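Look at the two complexes coming up: subunit A is in both, with subunit B in one and subunit C in the other.
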Partner chain A sequence: MIERTPLLNIATHLILLCGLVLILTPIWLAFVAATHTLQAVNSAPVELWPGDQLWPNLREAWAQSDFGPKFVNTLIVAIGVVAGKVTLACITAFSLVFFRFRFRMLIFWMIFITLMLPLEVRIVPTYAVAANALSPFQTILDVTGISRLIQAVSGIEVSLEWNLLNSYAGLILPLVATATGTFLYRQFFLTIPDELVEAARMDGAGPLRFLWDVLIPLSKTNIAALATIMFVYAWNQYLWPLLVVTDRAAYGMVVVQLSDLVPDQMTTGGGTPTWHLAMAATLVVMLPPIAIVILMQRWFVRGLINTDK
Partner chain B sequence: MAEISIRKVSKTFGKTTVLGGVDLDIFNGEFVVILGPSGCGKSTLLRLIAGLEEISAGEIAIAGVVVNALEPRERGCAMVFQNYALYPHMTVAQNIGYALKVAGVARAERQARVEATAKSVGLTEYLDRKPGQLSGGQRQRVAMARAIIREPRVFLFDEPLSNLDAKLRVQMRHEIRRIHNRIGATSVFVTHDQHEGMTLADRLVVMNKGSIEQVGTPAEVHDRPASVYVAGFIGSPAMNFLPGQISLVRRGVLLENGTLIPLAQMPVLEDGHLVQLGIRPEHARLTPRGRGVIEAQVDMIEDLGAQRLCNLMFEDMPFCVLIEARPPLPAGTPVGLDIPAEHIHLFDAASERRIEIALPLPVAAPAEALTG
Partner chain C sequence: MRRAHFKFSWIAAALLAPQLLIVFVFFYWPSAQALYWAFTLEQPWGGGNTWVGFDNFRKVLSDPYYWSSVRVSVIYALATTVLAIGMALTLAIFVDRQLAGYRAYRVAVIWPYAVAAPAVGLAFQFVFNPGAGIFSYINAVAPGWWDLSQNPWQAIAAIVVAGAWKQVAYSFVFFLAALQSIPRSLTEAAAMDGARPLRRMIDLQLPLLTPTFFFLLVINITDSFTDSFGIVDTLTGGGPFRATDLLVYKIYADGFRGFDYSGAAAQSIILMLLVMALTFVQFRYIERRVHYT
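Moving on to the complex of A and B:
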């Protein structure tokens, strides 16, 4: 439904403007804070206009947070999550939509249910698995008595261990193993006409060939949308990296580093809070997600509204 | 030996039986049209041949090889779909050449064959376009080219013309027949449109509710329909049916209201056998009131341009007659009807199967002037 009356137009624009102000004000204040000295930021009337200290503040924040290697780390994790997610979601949706196998609907619903269990909800068991990725198998062996059997026969004590703490795998895998992307793909795959699938079969294309030659090119916009969402999601991770990485020097992520700059009782030790540095760092950390969104915007929007068919 | 031989093939989806024991032989180079109303299982039969559905029971052999367990690509069939099923992201050239690409044909050869095929269906100028930039007829051609390029033994068509407008449909119909004649492969064409069926087919297969009613040349099916169903389905406007019983004494069919319609030759049946008498609208003749074998009333007249379709009522039953003249016949006018014996079809009332009457040599029908 598209209504076009001048009054409605003005109202719509007013609402949009309010939203814009609401969103931009904090960013503006952060930017302003990042351009002043420690004294100026902490003096009584809040500064509303930028000062001249942006560059020194940025340098100071960058150095204090050791952002160089941390940006590399975060980029690796974010790209890993995007690549893993795009691939995994594509393959799972492919099998759910185009193959008929036993328990298909059961598996579908199991994946669906995981939508209701985000990482934050199952963070303790996930941590346990990350500490030893093979522990589920160990449990199975123990419960079924196979490990005791092996020990009795060979004298070897079975103890499987694969520690994912302090590793890129540990950072990436739990973020990949979610259902969101699967659904995005599934909805799109369901719109592919049966005839197209059959035409490919008649042309001699096997399932993987069909996936590669037809489905993936057709889902380009969906892939772009999913990649954008997942990149921002991975980039902004805080809780999981905080938990799984103890070796911060080697595997620290930017958002965790950023939180260290935010002044609290512990970091300042009663000194003057360094808001100018925290805000400068915030600006830097925000840049990659913004860049990605701007870069992918055209694709991204098309992928989400799914029109051109 | 038959190119495609279908033996007692049935297909069930869950508990519903869509095809129940179909037997059919299709010969090499033949153009066979499977004709039937929507939902009778035509597409299913075609898809069983193609290998897109699994056969529930029975056996299909192509070129002497039982193909029940073979993948579509191993059967040597190409298919043209109703909605074209072109790959939307590929250009026309890529669409046409995709099967060759999958088969691993070298790029140079592929390109040459794509160009030759495109030329043969008049698509040369459109090779770089995407399907979305083509008209319906052009998309249809791409779909055809995609089938032709594989040089299949068998072409399968599933209502390929039903999305085109009337004029283009006739044009593409001719083109399909020309391509068939040129290539000489076997073609199986599914349609619900009897004109398409009659004009395209070497042999027609008329289907009804999952089984085959009749197989024959279009002329055979039209002139000697094997059942009431086929008689009513083939021919437009549809055949008229009058229920009655055989009267051996009076040498004809006695209708329910006591009217006798004389037959030229009596079938070998006992007296009083219940039958359906069929007569095509183009064979019945209007006569002035009282001069025909039955009396009817005009309901309405439809002008088809070249001919007039007189919708009459005979004892609460509709009855159609096709005439050349433009008689002034307002609704309610009583008229007579002549039912020429040589054009009468008889069907058993119980089994609805055709009853053969040995026809005498056709006699010249008496010329009868029609006056209102």
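Moving on to the complex of A and C:
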């Protein structure tokens, strides 16, 4: 708007700067703590300016938490969740929008309802399922008597077992099992004009060719938006990996590692709290998703708004 | 409804199957399992579960620790929501004026969204630490006044501030998007009628933000119930004296540390009902969301 509002402009900048100070201070203090020695961090007036110990602290924190393999694990899980979500959401939305069949709305609502209950709320029973992902089918077979029937006929005892604890599948699959994304695609597919479908059919394209050659190229922005959101979501998972992974050396994720770094009586044994290392590790862990959000800002904002998560 | 579509075939079924399978195994089955556990009790020497009706719920609801957990969760939900929405709204309205440095301000407010909850908890534990953080100044003057690990209200204040800090970015993105979707013609008309920027904020922008505001209110409250685990676990560990034992944290502690599956399941069911009720309210508002176009 073309107006001269010098006073209001100054006030605007002041308010925004105050907001920035509130937002940046905690992370600044954490960063400063990561650049000092153990003694400096624990001496009474808190340091406000960075010291020169950042690199040694980062190296020590990295070695102490054995971050190398854990970064690889976290990356595998994050990419797995992103790929799983992008693919599953796409094909599900595709068949819900472009086919007409009897229980379409029922299936739509069945998937839709999963948006209501986040993993944290149903954590205990989900954990039980992860101990044996085939237990639902086993129970169904037992209850319906089919397993007894099979045993009577063939002499084979039915016992289905697929333990997901301490595995990538166990980390990834439950995180994929919600409807986030399906609706992002659905909303977009609903805006595809009917003429495009008709034209494709007239040219002899089947549903799969239409999906691959028309829809997916058109959904590139959607895919980027969903992928950004999902990467951050998967990277920052805490409660689920904390439970599913007991073998931290092999399948640990970086964020979970933070729980071991809380400098309290348990970890320091009454000694001086190692804040400098804890803060250095915190910085390392939060850097990758922050980089993604800043680099992919446009898609990130779009994804956040359109997935309602 | 689409006019043109493909005929249903095995392809559609095959495309739907993976999602349905995964949702069944990791969503519907566990939810049903939670119901089953909530109404049964595991026998101490094995031999399956016995039906106990509403006993588990009665036990949970007569547990004073549960009610103190409910109380602190409500306090946490309301306080973080008010703080986060208030801050996000203020920042969004002023960032939307698009003065110099607009992009820098925007990035600076958005990035905390990417910080994992336990990292937030750990960073704030350092900030609020009585011995090493910024509060060491206060303790230098009044020794022992500030101590998270001793004073319950200080611990609650700490998780509220950390939780609100994490939520600001999300609300900010929505407010800013809503502000930017206000048609320019409206703003211009108001300006032509002599409304200065502050007047336009109060009489034009704020009323048009109401739907976004209600949407964010519900989302923030729901998130505070579900996303608080990481912050509590690294910042206070539920203490001192269970003062910050939020609902999700209590479910985790009872289920996985106390091995009381039935009690944890009953608590899960109550929390599920609560979250579903909130989500229902939210969808009502989303349906009525005002579109400016």
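What we mean here is this: the second predicted complex is superposed on the first by the 276 of 309 C-alpha atoms of A that agree within 3 Å, B and C clash if a C-alpha of one lies under 4 Å from a C-alpha of the other, contacts with A are read in each partner's own complex, and residues count from 1 in each chain.
Operating definition for what follows: a contact is a pair of C-beta atoms (placed from the backbone, for glycine too) under 8 Å apart; a residue touches a chain by one contact, two chains touch by 3 or more.
The structure displayed is predicted, hence computed values, not measured ones.
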| item | value |
| --- | --- |
| Subunit C versus subunit B on the shared subunit A, clash or fit after superposition | fit |
| Touching partner for A:217 - first (subunit B), second (subunit C), both, neither | first |
| More subunit A residues in contact [subunit B versus subunit C] | C |
| Touched partner set for A:209, first subunit B, second subunit C, both or neither | first |
| A:198 touches, of subunit B and subunit C: first, second, both or neither? | both |
| Which of subunit B and subunit C A:57 touches, first, second, both or neither | neither |
| A:74 touches, of subunit B and subunit C: first, second, both or neither? | neither |
| Partner chain in contact with A:120 - subunit B first, subunit C second, else both or neither | second |
| After the two structures are overlaid on chain A, angle v-u-w for subunit B, subunit A, subunit C in degrees (C-alpha centres, nearest 10) | 90 |
| Lowest C-alpha to C-alpha distance for subunit C against subunit B (Å) | 6 |
| Contact residues of subunit A, present in both the subunit B and the subunit C interface | 195, 198, 201 |
| Sites on subunit C touched by subunit A in the complex | 2-9, 11-13, 15-16, 18-20, 22-31, 33-34, 37, 87, 90-91, 94-95, 97, 99, 101, 105, 107-119, 122-127, 129, 131-134, 136-137, 140, 165, 168, 170, 173-174, 177, 187-188, 191, 196-198, 219, 225-227, 229-230, 233-234, 237, 248, 251-252, 255-256, 261, 264-265, 268, 271-272, 275-276, 279, 286 |
| Complex contact set, residues of subunit A against subunit B | 193, 195-196, 198-205, 209, 213-214, 217-218, 309 |
| Sites on subunit B touched by subunit A in the complex | 47, 50-52, 71-73, 77-79, 81-89, 98-99, 102-103, 146, 150 |
| Touching residues (chain side subunit A, partner subunit C) in the complex | 1, 3, 5, 8-9, 12-13, 15-16, 19-20, 22-27, 29-30, 33, 41-42, 44-46, 88-89, 91-92, 94-101, 107, 110-111, 114-118, 120-129, 133, 135-136, 173-174, 176-179, 182, 190, 194-195, 197-198, 201, 206-208, 210, 232, 235-236, 238-239, 243, 255-256, 258-259, 261-262, 264, 273, 275, 278-279, 282, 285-286, 289-290, 292-294, 297, 300-301, 304-305, 308 |
